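Common to both upcoming complexes is subunit A, partnered first by subunit B, then by subunit C.
Right after this comes the complex of A and B.
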């Protein structure tokens, strides 16, 4: 049953660009990007029990680094992409050192504060970031001679990257390290008594999540060919957090579903419903009331109850 | 069914009529699709809604026909967020298949969509004021019938020196490129004519309280220039009054400082303030008299910057469409028609320079009371002002773009 569903999903994703118009192809490309972003945050929120409100830092910094390296130094994407990812990961390491001094609400506030520092910098350091005007004149890379400016090609590029990211995140979750991470979430003190270095486990997860956040940032800047301080803003972090919660924290598919819902509401439904932000609110209230642990676990439970009958 | 001769002739005739009529007749059945990129949610929404209202009015007045062709309007809401403006532009182009776009509203949105507009070759009539879009990095698919950030501020600086005889002034504006550019343009002209800008302040866009900035304000000056957007000008002037500064320091304002949209909420504190804009609801021309009255009847307040913006852009669009006889499919010819168009609009005559920016009248206005409400009465007109003021374009463009730090403020007093 599961295999058939997975196969159908793969076929649908592969056939999608040939079945619909350019707009819908781009819409799903954006969902891939948002899904990677939410999935990386889910490592912290869902598996590590570390609610972060600063995850936009990684998306934004990777995007800004890639943009600045190619604009200011004129380096090619084959250099700017790894440099941007390395820089983002390094920053995640540093941020982890600061933010992981606390857990729970303290961690939330620290990540929020750190990301606000970056947002402020992007806004105010006009000489470097062009401030509120944002950086433009960016390009998409050429991958194996394929021109990513074409929306279908970009779709498949984003699909491959998203599939790889999800696979890598799933690998981590399924590994002994993933089990340890979930252990620190549920019983931090017991893990500590068992001889695990709780802090180190959290720090590694934080850096790993930062890295994949950076990957989504690269895709984001390739897609938009423009970067603005708004992508470092609290709103962006909060949207990812909402995706994770709505889809189901601590599940693999949850963040992807949640990201898809938010993006569809924001970019598609908003064309028909003027007060779409209100609708977004209602959707969340409904999810929290009827499926408090998120859509994916909620639907699973319904499915189980239905099939038992 | 057997085919007799009569049926054959009928069918052939029908076929011939489909094939034989000139293409233009069939093209007319297809509507021209206009996209409006505006802001309907978030802090910029009041202006964005005015943009939509005025554009809908314009099209309704013409029965949704421009240059003999039916038009359809598609409205997208960017929320004022640049990345979303881009997605929304894609939606308009790729799903709604628009032929021409009006908007976006904010500079960041315009910059975010800049390369996409080039790539899609989408004729765009922009409202956003960012200077460089029609200066150092002009987009060939852009025209801007409103103004750059500093276009009106140049004229006001001239007025402050020559008519008001101000010598020493302070400037205050929102801490965004729009505010920086406006203040920089004002400062440049003011200081080149012998004035001195002795204080510059840039409070954050969303500052809740101007108290600290009012306490800092020097009182040994002739006036302060407000470069605010949205409702910030309104809040500043109200607090200015509460701090007892009214009568001690004069206020002059940029094109969005005391817009009609906020003026309706103000009382005596705004009376007598001089501002500059390329439009006023009180402009005395037949087109505007009709528009302002119709808008007032529908919205219950006077049209301001944003309402006039789309109304002007729509008039330019209609005029260019007439020039190409409704054939918008030939984008290059249509773009040429847009850029060479000369249109009579509610703001007065509008034409474009070779960078796609408007050359049009700039008005100096004064807040007065009329029929129980505050209005911006026009007190002086600067005819045919270009974005380069009186400078030569080539020399103007050699300088860096207007910013917080350029032109350098040499006369600041601490």
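Right after this comes the complex of A and C.
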């Protein structure tokens, strides 16, 4: 049953660009990007029990680095992409050193404060980032001679990157390290007694999540060919967190489904309702109040009840 | 020389406003373990409501009182009917408070529009005072005085009254406090209302300095967060000291290195976090 569903999903994703118009192709490309971003956050929130409200730092910094390296130094994408990822991962290492001085809500406030510092700097350091105007004139890379400016080509590029990211994240979760990470989430003291270095496990998970957040940031800046401080904002972090919660924290598919829901809401509802910010607020409240453990676990529970009958 | 005097005074005034904001945030966090991300929005809401009250009653102090009360009622309702239901779900509570921050932000945009609204300085405080050859803007001195008075009042409330003793007991050991018959549930609502009122009143008191504008909420929230991380959660003295440190660092950062003001802001936080993860005056680890 599960295999058939997975096969159907793969076929649907491969056939999608040939079945629908450009708008829908681009929409799903954006969902891929948001899904990688949410999945990387889910590593922390769902598997590590580390509620980060500053994950936009990694998306935004990777995007800004890639843009700045291309614009200011004129380097090719084949150099700017690895440099941007390396820079983002390094920053994740530093941020981890600071934020992991605390856990729980303290961790949340530290990640939030750190990301707000970056957001404020992106807004104010106009000489480097153009401030509120954002950086324009960016290009998409050429991958193996393929022109990513074409929306269908970009769709498949994003699909491949997303599939690889999810596979790498799933592998980490299934590995002994992933088991240890979930152990530190559930019983940190016991893990410590068993001889695991709880802090180091969390730090490695933080850096790994930061790296994949950076990957989503690269795709993000390639897709939009433009970058604005809003990508570093609390709203961006919070939307990713909401995706994780809505889909189901600590499940592999949850963040992808949550990201799709949020993005569809944003695209469709904001076309009819002018007040997206207010609606987003109500969505936050509604999801937490009515769907506290997320869609995927909720559906699973219903499924289990139904199949037992 | 005048530059340093003025900036020092600006720092003190910002520190005072931050204290009004951070004290409530810190108390709520300490007692209820809620990171109330609506707090910046309460500050902005207070500023806007104060603006509207000023049109009817042209007295800033009355506006601050009424604005604070209105925000307190709103905060109490949110606590009673939403946050209460999510007890134990820390992350859920954070997201709900953030959701309300967005709702309030957009509500203010609809009602009061997108342009900054200046708040007139109260009469008698609008001209500078001359002390020892330097000109001091009187209103800023008044803000500092109000913050000091509030700090003393809060200190006395916490240390010298029965209510304060119960709140301290709740912060230290919630379960024991419940067991000995302290009405913790009512304390939650009281503290939440008090924190909201301080934030709302702070918003309109800050009006003559900062005016009321969209985005004020998310300009103030990170500052309050850093104050609380620096001072230690649940600590009144921590919030006080942290507020003035951040007031100085931020004001001089903006004046001297405008591009890096946020980066400089973050230095004292790193130093404190590195050596004292619980903050300068925090007792429990956050």
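To be clear about the criterion, the second predicted complex is superposed on the first by the 288 of 309 C-alpha atoms of A that agree within 3 Å, B and C clash if a C-alpha of one lies under 4 Å from a C-alpha of the other, contacts with A are read in each partner's own complex, and residues count from 1 in each chain.
As a working rule, contacts are C-beta pairs under 8 Å (C-beta built on N, C-alpha and C of every residue); 3 or more make two chains touch, one makes a residue touch a chain.
This is a predicted model, so every value here is computed, not measured.
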{"item": "First, second, both or neither for A:126, with subunit B first and subunit C second", "value": "both"}
{"item": "First (subunit B), second (subunit C), both or neither touched by A:51", "value": "second"}
{"item": "Which of subunit B and subunit C A:102 touches, first, second, both or neither", "value": "second"}
{"item": "Dominant toucher of subunit A (residue count), subunit B or subunit C", "value": "C"}
{"item": "First, second, both or neither for A:30, with subunit B first and subunit C second", "value": "first"}
{"item": "Touching partner for A:281 - first (subunit B), second (subunit C), both, neither", "value": "second"}
{"item": "Touching partner for A:177 - first (subunit B), second (subunit C), both, neither", "value": "neither"}
{"item": "Touching partner for A:203 - first (subunit B), second (subunit C), both, neither", "value": "neither"}
{"item": "Partner chain in contact with A:112 - subunit B first, subunit C second, else both or neither", "value": "second"}
{"item": "Interface residues of subunit A shared between complexes with subunit B and subunit C", "value": "126, 235, 275, 277"}
{"item": "In the complex, subunit B residues that touch subunit A", "value": "40-41, 76-77, 81-84, 86-88, 90-91, 94-95, 107-108, 111-112, 114-116, 119, 130, 176-177, 403-404"}
{"item": "For the subunit C and subunit A complex, residues of the former touching the latter", "value": "29, 33, 35, 82, 85-86, 89-96, 98-107, 109-110, 218, 221-222, 225-226, 228-229, 233, 258-263, 265-266, 269-270, 273-274, 277, 285-286"}
{"item": "For the subunit A and subunit B complex, residues of the former touching the latter", "value": "21-24, 26, 30, 126, 131-134, 136-138, 149, 224-226, 228, 230-231, 235, 266-268, 270-271, 274-277"}
{"item": "Touching residues (chain side subunit A, partner subunit C) in the complex", "value": "45, 51, 53, 98, 101-102, 104-106, 108-110, 112-114, 116-121, 124-127, 234-235, 238, 241-242, 245, 275, 277-278, 280-285, 287-289, 292"}
